[in-house]
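Okay, so chain A shows up in both of these, paired with chain B first and chain C after.
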Partner chain A sequence: MLHFLVPRLMSAVIAALVSSLIVFVLMRSVPGDIVGQMLGQTSDPTATEALRSFFGLDRAVHMQFLEWLAQVVQGDLGRSWYQGRPVTAMVADAFMVTLQIALLTLVLATLIGVPLGVIAGIREGSRLDAAIQAFNLIGLSAPVFWVGLMLLVGASALFGWSPPFTWSAPSENLSDNIAIVILPVLSLALLQAAAYSHFVRECMVNELRRDYIRAAFAKGLGPAEIYFKHALRNILIPLVTFMGLILIQILGGTVVIESLFSLPGLGRLILSGIQGRDYPVVQGALLFVVFIAIVVNFTVDALYGLIDPRMRA
Partner chain B sequence: MKMIRWTTRLAALAFAGSLAAAASAQGSDALIYGKSDPNARSGGKLTIGSLTEPPAMDPYHQAADARIRVTVLAYQGLFYEGANGQPIPLLAESYTMAPDGLSYTFKLRKGVKFHTGQTMTSADVKYSYDYLRDPKNGSPGAGDLSTIASIEAPDADTVVFTLSTRNGLLPITLTHRYGGVIPKDYFSTPDARTRLNQTSVGTGPFKLKQFKPNSVLVFEKFQDYWQKGLPHLDEITFAFMPNSATMVVAARNGRIDTGIFTRPQDAEQLAKVAGIRLVRTPSMNQKSIDLGSEHPLLKDERVRQAIALAVDKEEVMKASLAGYGQVLGTMVPGMQERWGLPLSEVPNQKVDLDRARKLLAEAGHPNGFEIDLTTIITYDWMDAAAVTISEQLKRIGIRVNIKKVELGVWIRNFQSKQMGFTFNDWPSSPDPSLLFYRHFRAAPQGADFRNWKHDAASALLDRGREESDYAKRRAIYNEFQKIMASSVPTIMLFSSDLLTVERERVRNHQQHPTGWYFGLIKTWAPN
Partner chain C sequence: MNGLRALKRLLLESSASRLISYSLLAIFAVLILAPEWVAPQSPIAVDPRRALQPPSAQHWFGTDDVGRDLFARVIHATRITLGLVAGALLLSALIGGALGLISGFAGGLVDQVLARLVDVILTFPPIIAGVVITGVLGPGADNLVLALAIVYLPLFFRIARSGAMAENARTYVEASRALGFGETNILIRQITPNVLPLILMQYVLLFPLALQIEAALGFLGLGVAPPTPDWGSILEQGKNFIMVAWWISLWPGLFLLASAFAVMVLGRSLQSRLGSG
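So, the complex of A and B:
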């Protein structure tokens, strides 16, 4: 177990450190800062200086970084310069919104995409395969923004209905929450289902051409056993890796969908942080995204061991 | 059913016009915040869609117009901005100016309560304006109050402002843009600035109930508000929608009751929906092209004049706003009548390509030149305007490269006076001195963002600020506008109308030309 854990933990810590340094430097190399935004069309030197010192922007950049890092190590991501709220709380709130969308999308996309991919792979070259491939093509090439907009405008035109645009958590108001998440989840799931289906189909087709499958058929095994017990089992590893990638992608924030449906998720938190040059928020939220990516990768690695006994060695 | 209503605001204008510009003014309570609706009933909630979101709710330290729009509901100054840019007494009941113009005495309104429950006294007023004017406190409002030498509170209902030089526009700077009267010593309490995102501490008719960034902002009725019977609404919710397509759908399906749209095609589309009306209000904003004299080509006055003579403002406005705006001379429409140089007298307004070419040749560019024109991302109107202007300038041989930058980057260039050739979008500044002084007065008194360094113009701006007699001020500012239009540090293009979409249940919502939500104070909405 240690053999499995230690190198991964080490690389995770290094990844987090390097990425936070990059974020820190990048944010500060973007022209303009919070002081400029707060003062707008004024630029009184005394006021500028006072605000720069209020936010600690007058100190050397490496000192700012080290102080921030010292805080982070103690589990404190600082406070938003605009809101004054702890960044951890803001990230947690936004993450709960994004997590709900991501998990629902993942479940829906898996439920649609995997069976479609399996069927298309088994029936390679059939009309059904062609239809599923057409679906994949549309899903992969239609921009998420466009799909979301079409669903929004379509629901309004056909049913005179639109989601409420003020967020309610499931614990606050479940029916409102469902009404809010349904369209964004559908828009994201269409893309992801198509990606799944495309991926699973390719894997199935490759797998079914292998010698052991032919041998299994020759041995007289039933198709169900061959497809599901042998072929599908063997594509589980790449499939889990793929799921991990999709999850990271959605969890990192889907700015476009969040803007379209007015969702207060991680993507918008980061975007508004960047626009307002709220450094603590951007640094904290991006560090969190890196952390999530590490956790997901870690889980995927651990799952390999469960799925494939050879990996446990 | 298509309903487009022009807000005439005759009542408000007539009222504001009747106020004497100088010496003393007496507020007529009934007309504060516009006319009342005799049928108005109390109760009801309103949801407003908003494309812009305030970064924070602190009126003292946030310059953003999106913040001013909403905090006018919770915070009040000694005056507020009338519909044509006239200061109207609010927390001050009346005021007098000393004969030498160097001190103003304000009588305060009695029985005004803060959202914290305390009663407002002159000590609070003194504290608030002292805090605001000290540049060390980092408020964008400090610059406007730099002529104040001291503030005294001789008794509970009186404050006296003493000035270092005459300043005729003092009353209009004691309004809503920045600050507002808050309880004494508020900013000495821990986390005072950011706590304003959870609780408001002003005297306004609504108090802050909830602010969830990227989601909603909720105000509730302040029960102890000093204007009896106001406000009518129990609650106002602002739903932040960063995408205008979303706001169209939300308005169509009744998820929002009202909202200001920036794209005319969205508003027109909604005006066709039954039960929805489009209200068009002339605004005080100003879309312009700035010509910074630090630019090697633009430092030559003849080049700037040539550009002005090649720009057809009407055509640009139609391309940008589909006609929902007003072409400007040198003054915003809301203030044209009171302060503007008559359009027929403004130089360099008519397209004259021959003269433009001649000026370019004289400046040493007979074959024109190439220049970058900066536009700001998310300012939709600039895209169409940039394309139109580049076509227009092509006719005199100027080849334009359109360069898009993000707002934060643009602000940095602006504040460091490296604007070059750029579009600009100014929010409301309801007085000619506020409009011009900081922008065009040579440093160090002004910021002179365009590096214009024009001595005669600066002298006029100084005189305009010291003068308090309306007729004299008007003459000074007309002279200034003539110089500005002839030397062309900026080309004021047009102002966009405020396009407010309302459902029928929204009653007596008088949109203020600043776009700030004063009008909601007398709005009512039957459930």
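So, the complex of A and C:
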């Protein structure tokens, strides 16, 4: 299994390096930097120069990149130019928020999407199947943030309730935390449940058409055993891959939902970092996103080996 | 007569979702071609005395915070939003498709380098890549198109590359080589036409996804700048008034949903007609 995983890891690391370099150069090649933002319209040349040299922006871009990279290798992402806080701490705090949303969404979407897909697959062509497919199409078509907006309106109109505006971590105040995350999770889960359900249905339909299923019916096995023990087991591998894909998608998708519900997550950190030209924050947070994507993909690959021993060779 | 019969057969054999999809596509075509015919009011005329009015006989979709007619804005936005996505994906398909064809056909070092470079874009989730590109370059229609084109380039690249590889291994290509056709000729005259349907299919399948990203970027304030009507931008504007004027947010979202739905169903029926590939 190692010789299957190591080259993948290597190319992922190279891709992460190159993407960091591109982001680094891109940010420094467009007009407007933190110095301009700090000094505003009335900048005098001496102050500009002093600040540029303070932030290291007066040196060659490749030198700045190498210095940053040398720090990164030692596990130091630098400090935010605005807040002075270490970027690693800021990313860690923001990630906990995003991770909570992502995991809750993943659980909810799996609990809704997988059973729907299995049922639709087993009852292929029935009215129930058509209804589930319609749900899938609508769930996949509805913009996540729009669903969030409509949930806000709906909750306020029906129950006179709206979520609190300031973030509380689950360790601080659990009931406030639940009140804050419930609508974001519901809006993200609708899309992902639909994606899951569609995917599981396709897999199930394909699997049930195969000869071994017919043979199992012919030898008199009960439908429950055939569907759940045989068919479902065989779609586990694509399902695990899909779970990884969905997790990465949710991590990305939270950018918009975090902005809508004012959640201090990773997406908001990146967005505000870009808007304030806080380069160390943007670079650190993006590198972390890429790192998470690599870890998820790597875990998925490793899980194959556990589910299907043929992959271990 | 023949056309009528074909239409009848199409309608009879189609599922409910396909019928809805085709009707929606027809409606969107009208809205794109002649928005002023459907909504003669101006989509940008401001009237502060009529700000934040709920839907009424005079303003079917209500008005926004500066008194612009939302029906006109949403209808006129159809051409802009869908046009931006269509243009961006076309750019992406042209560049990604061409690079993919060359990469798959040439193989070797060229292929290795191109494939690795394209993989770099895939290291980011699409929406994050979109946020970074539009955020750094600044909002505006041109940067939005550029961002969407870059985000989806790898997916066109991959499909064109694997298509070119598969075609390159087939007997007719070998026969052409034996007959003395040049490599450029084989790539352009023979392989490209056979890979084109795959690229077209990818285009239709990616359209709803790109539309979601376009709307999300607009919602984050990274898309088309007001007063130009765009569904995502109207949603961004409506966000601040969501508790007092829900109608600003309702309609653009419904139009986004309907257009994504229509194209998605079209993509799936194309997919099932062309086989699973």
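To be clear about the criterion, the second predicted complex is superposed on the first by the 302 of 313 C-alpha atoms of A that agree within 3 Å, B and C clash if a C-alpha of one lies under 4 Å from a C-alpha of the other, contacts with A are read in each partner's own complex, and residues count from 1 in each chain.
In the analysis below, contacts are C-beta pairs under 8 Å (C-beta built on N, C-alpha and C of every residue); 3 or more make two chains touch, one makes a residue touch a chain.
Model, not experiment: these values are computed from the prediction.
J.: Judging by the criteria at the top, classify the pair chain B and chain C on chain A as clash or fit.
T.: On the shared chain A, the partners clash.
J.: Let me test your reading of the model: by the given contact rule, A:Ser156 touches which partner, first (chain B), second (chain C), both or neither?
T.: Once the two structures are laid over each other on A, A:Ser156 reaches both partners.
J.: Tell me the contact category for A:Ile14 with respect to chain B and chain C: first, second, both or neither.
T.: Second partner only, chain C.
J.: With the two structures laid over each other on chain A, which partner does A:Gly40 touch: chain B (first), chain C (second), both, or neither?
T.: first
J.: I'd like to know which partner A:Ala134 touches here: chain B for first, chain C for second, both or neither.
T.: second
J.: Which partner chains sit in contact with A:Leu260 here, chain B, chain C, both or neither? Use first/second/both/neither.
T.: A:Leu260: touches chain B and chain C.
J.: Going by the contact rule set out at the top, does A:Leu245 touch chain B (first), chain C (second), both, or neither?
T.: In the superposed model, A:Leu245 contacts neither chain B nor chain C.
J.: Does the superposition put A:Gln83 against chain B (first), chain C (second), both, or neither?
T.: Touch partner of A:Gln83: chain B, not chain C.
J.: Go through the superposed model and pick first if A:Ala293 touches only chain B, second if only chain C, both, or neither.
T.: The second partner, chain C, only.
J.: After superposition on the shared chain, which partner residues are touched by A:Trp146: those of chain B (first), chain C (second), both, or neither?
T.: Once the two structures are laid over each other on A, A:Trp146 reaches chain C alone.
J.: For chain A, which residues belong to both interfaces, chain B and chain C?
T.: Overlap of chain B and chain C footprints on chain A: residues 30, 149, 152-153, 156, 162, 259-260, 275.
J.: Once bound in the complex, which stretches of chain B touch chain A?
T.: For this pair, the touching residues of chain B are 47, 49, 53, 55-56, 61-64, 135-140, 142-143, 191, 193-195, 197, 212-216, 237, 239-243, 245-246, 249-250, 252-253, 255-256, 406-415, 426, 438-439, 447, 449.
J.: Which positions of chain C touch chain A when the two form their complex?
T.: 15-17, 116-117, 119-128, 131-133, 135-138, 208, 212, 215-216, 219-220, 235, 238-239, 242-243, 246, 249-250, 252-253, 256-258, 260-261, 264-265
J.: Give the list of chain A residues in touch with chain B in this complex.
T.: 30-33, 35-44, 46-48, 50-51, 54, 79-80, 82-85, 90, 94, 149, 152-153, 156, 160-167, 258-262, 264-265, 268-269, 272, 275-277
J.: Please name which positions on chain A make contact with chain C in the complex.
T.: Listed in rising order, the residues of chain A that touch chain C are 11-12, 14-16, 18-19, 22-23, 26-27, 30, 130, 133-134, 137-138, 140-146, 149-150, 152-153, 156, 162, 248-249, 251-253, 255-256, 259-260, 267, 270-271, 274-275, 282, 286, 289-290, 293-294.
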